[in-house]
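Several structures are given next for inspection.
Okay, so subunit A shows up in both of these, paired with subunit B first and subunit C after.
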Partner chain A sequence: MKSINPSWKLIGILVPIVILAFFYNITLNLVIFGASLVVLAFSRIKWSTALKVMIPVAVLAVGMYMTGAKFHAGANIGVGAGNALLSNAAFENGLQLGSRVLAFAGFGLLFIMTTDMMELVRSMEQQLRFPAKFVYGLLAAFQILPNMQQEYRKTKAAFWARGVYPVPVSPKLLVPLMVKAVRWSEALAAAMESKGFDEKAGRTIYHPIVMRPADYAFPFLTTGLLVLGLLFL
Partner chain B sequence: MNSTADTGGIRCENLTFRYMETSKYKVVDHADFEIGEGKVTVLTGPSGCGKSTLLYLMAGIYPQNAGIVDEGRVTIDGREMGGLYPHERARIAGMMFQNPDLQFCMDTVNGELAFCLENMGGDPAKMDEAIHEALAFCEIEHLKERAFHTLSGGEKQKVMLACAVLIRPKWLLLDEPFANIDPASARVLVEKLGRLHRERGVGIVAVDHQLAPWLPIMEEAVLLGEGARVRRRGITPGNLPEFRETFEEMGVAFPGQAYRENRKNGAPEDTVLAVRGLCAGYGGKEVLSGLDADFYRGKVHAVTGASGSGKSTLFSILCRIVPYGGSIRLEGEELKRIRKKAMAHRLGFVFQNPQDQFVAQSVYAEMEVSLKQAYEGEELETKIREYLKEIGLWRYRRMSPFMLSQGQQRRLAVAALLAYDCKVLVCDEPTYAQNARSLKSVMKLMMDRVEQKGLTLIFSTHDRELARDYADVIYTLADGKLERRELI
Partner chain C sequence: MKTKTKKYAWQLKDIIMIGILGVLFALIYLGSFYLSMGLQAALTPFGLAPFNFEIVYGVWFMAATVAAFIMQKPGVALVTEVLAAFLELLMGNFPLVITTGLVQGVGLELGFAVFRYKRYDLLSMCVSATFACILSFIWTYFTNGYAALETGMLAAMFAVRLGTSLLFAGLLSNLLGKGLARTGVLKGYPAGAKYARQDIMDDEEEAA
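What follows is the complex of A and B.
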């Protein structure tokens, strides 16, 4: 999974997600989720990170199940929450929504856990022909993200030291952060220009990403499998 | 085009520049001078005189990215920089900036160097060799595969130099490249810049508040006054002493000059802040390991050390941004256990960049936030006026703190914290982006509190003179530990 070209991997995962959005098939959803986990198990990933991502997903899946179970077709919404008996339709509707969350999460995990962001962006430039300005802007932004977090803490500490206690993510804290972000982007842009970065100039590529047949085959494989699943499950 | 003899070098002809269409303020006002081909020139002058802006104009970053040139022009070797594409400019003039954190767009050193070569349209097959050579020139081969977030400021500046070595511009323009790095790294960089100049004929123009680091290679210093107009030229390491008075009059640091006579005061009595076995680190890398130190009531403490030695970490621990192991007792109470809300009146801190510190929309409101805890009504107004007049900012009271000059911002930030009457004040790099005059006025503000109210001051600095002239106790950080030297 890790060796597949990131851009084609992205396509190979986005296409099935879009197709899947039009179908309601509980078994298929669960199979996709299970299959994603199996593939991940063979991909040498950091399970602690994957688990962290899974926590909100699990909450969302259960939440969607509850919503679906309560507001299923034919449910009398006016009746209060006291109705503990679940009809078959309610159960199925709940499972439908809950399993969809899991299926989408499976696809998402499969992509983010096996893809290096730097590689993705570089391959977007080379394979998908994204403009250089966009690609390197994105790369530069990645580099200052950790700074952002540090700056947020710093700004908060500065307010505390002055006896002002804004709530988390209050505009008071975010405004200085935005002022800085603008200044940083200007400084970064000037630095990149001073190194000759220019869209109009002919750039060469240090290590071109080599495409293999497996990379091209991946989207067809995933889409094909999904279609098979839709037909037989 | 004229003959090269006539147009070689950098020429500013009657240059006038504003940042905004709506503003009348001319940052560069009829600047008119030239720098001979391939020279090593340092532009110095008081903060806010427009010297950095002038450098950006030379590099062609302005007016392409901001501002308006009303009159005149800048040419390098006869070509107007403002009219060239970035990849053309890069071959003529490379740059190195003040903030080492904001110069790179790739994740690793190797990636960034390859990025430079890609921009210049180099042959991919020859890139590895070129990168190796550039790294060897800067003696940083060991950093090749490292990620930028693991490098110190000095190391980042060396990588920036390696970028310039790769691109091989005819000129190298530097905007206070040593502001955030330790003197040892600065010395190495100056030596490398000297070699680039001698061996490859690269012309060097640097903007700096401090001439001292440049003396080994400097051919001429130009003292700029308001509007980046030339006040004195032809300053060389040889005739420097003749200009001493002019430097002092303009508030610009003169190499080797003391900030003040160090006063001697009595032996330390009680410990306000006791640090024992302090440990901290990031991502598995230990920065501080078992650090012990005492800070005394009413005394001034300087913390020095090479960049990456943990000065900033120590500072971040004291202002509780970074968790720590071991113990720090503030007047006998463990720092971790003190409620954060109770900290304001006990331990204050001034960040390196005063812009990190402002909480209000105007200079007046900034002071009001601090003082309204102790005063109200008319008395509050009188106090605010008193404080702002003391630091010379009363006439700017309606302005946003972000619009002030660096020196003014620093004074405001310090005054706003001193208003809390805290017991301990921690100040990170008071020299950051300050010229001699504003640095002295900030130091005076703090020293007055030390003498009058027994404030305990802890400041970190790269500047040995500053430490020697103000501190009672100097701590030097190395290998995660502190070495102590008393001056009392």
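What follows is the complex of A and C.
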């Protein structure tokens, strides 16, 4: 999995996800989740990271199960809600919703655990032909993340020092951060352009990302497997 | 120093700016999301867990409406939302965010398109938030398998999402955009020109 071209891997994951969204099949959902874990087992990933990602997923899956079981189509809220929980239909309905979360998570894990995000960005430029402006603008913005976190803490501390305690989404807190966003974007763009960044000039590639036949085949493989699953499960 | 650029051309600083706005609101979203995880744990036994992410859903749309307000040209809302989705992916979110971002971006863009890209105020931002809410709800209807749910529950979830969309992406984004324009940093953008002459006194009256 790790060696597949990131852009084509993304396509090969997104297409089945979109198809899957329109079908209801508990067995298939669970099979997808299981298969994803099996593939991951052979991909030499960091399981501690995967477990961390799985915690909110598990919480969400249980939450969706309860919702599906309690409020399934045709149930009456309130009257008999307690009994509805025990019925077969409710159980199945809950499983339906809960297993969907797991299936999507399986696809998601398969992608994020085996993909280097910088490789993905490089491959978006090289294979998907995203304009250089957008690719490097995106990277520049992404690298601001830690600065933004620090700025958030600083701005909050500044208000606290004055005895003002704004709520997390207060305009008081956000406007100074947005001022920073505008300033940083101007500074970064100026820095890049002054050092020769030019959209129209030809570019050489430092890390060429090659395409092999297996990369082209991947989206067809995943989509094909999903269609087989839909037909036979 | 300004060279003649096409009205719709994207400059590098615009792209970086919407990217950074995307980062900022992604942080806000994540912050509120983790806060609401506790709430989710409490709601789970009652089967009300989805409300956990419904109540912060509107934060998703904020970067796009704010960016559209600042730059006031076609395509901004859509591009911002998709770029923000890619940023989320880089931060370690699941690939599903890309499709979600696309669907929401189309909704947000529609809101400004119905006014022929002439209005960038509270009304158009609210309309944009409403469209994004409707389209994104249709999308989650399929991805989350909401067809299996009872109609009353669906209506309640939609109402909550619409409410937060209007509150965050409509009202709050409008306040933020205006607040930002008044600081004077938006001189190079249409929004800056519109609010530049605002008296500083106005600002202080509002703050009081």
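Note that in this section the second predicted complex is superposed on the first by the 225 of 233 C-alpha atoms of A that agree within 3 Å, B and C clash if a C-alpha of one lies under 4 Å from a C-alpha of the other, contacts with A are read in each partner's own complex, and residues count from 1 in each chain.
The definition used in the following text is that contacts are C-beta pairs under 8 Å (C-beta built on N, C-alpha and C of every residue); 3 or more make two chains touch, one makes a residue touch a chain.
Computed from a predicted model, the values in this text were never measured in an experiment.
Judged by the touch definition given at the top, the superposed model places A:96 against subunit C, while subunit B stays out of reach. Of the two partner chains placed around the shared chain by superposition, neither subunit B nor subunit C is touched by A:50. More residues of subunit A are in touch with C than with the other of subunit B and subunit C.
When both complexes are overlaid on chain A, the residue A:202 reaches subunit B alone and has no touch with subunit C. Contacts of A:140 after superposition on the shared chain: both subunit B and subunit C are touched.
Judged by the touch definition given at the top, the superposed model places A:108 against subunit C, while subunit B stays out of reach. Of the two partner chains, subunit B is the only one touched by A:161; subunit C is not.
In the superposed model, A:194 makes contact with subunit B only, not with subunit C. Once chain A of one complex is fitted onto chain A of the other, the partner contacts of A:186 extend to both subunit B and subunit C. When the two complexes are superposed on chain A, the residues of subunit A that touch both subunit B and subunit C are 136, 140, 142, 144, 179, 184, 186, 188-190, 192-193, 197. Touching subunit A in their complex are the following residues of subunit C: 10-24, 27-28, 31-32, 35, 37, 40-41, 43-50, 52, 59, 66, 83, 86-87, 89-96, 98-99, 139, 142-145, 147-153, 168, 172, 175-176, 179-180, 183, 185-186.
Contact residues on subunit A toward subunit C in their complex (touch as defined above): 10, 13-14, 17-18, 21-22, 24, 53, 56, 59-60, 62-64, 66-75, 77, 93, 96-97, 100-101, 104-105, 107-109, 111-112, 117, 120-121, 133-134, 136-138, 140-142, 144-145, 148-149, 152, 168-169, 171, 174-175, 177-179, 181-186, 188-190, 192-193, 197, 199. On subunit A, the positions that touch subunit B within their shared complex are 118, 136, 139-140, 142-144, 146-147, 150-151, 153-155, 157-165, 172, 176, 179-180, 184, 186-198, 200-208.
Those residues of subunit B that touch subunit A in the shared complex are 56, 59, 61, 65-66, 85-87, 89-91, 93-95, 97, 99, 101-107, 111, 114-124, 127, 148-149, 163, 167, 319-321, 340-341, 343-345, 348-349, 351, 355-359, 369-370, 373, 402, 416-417, 420.
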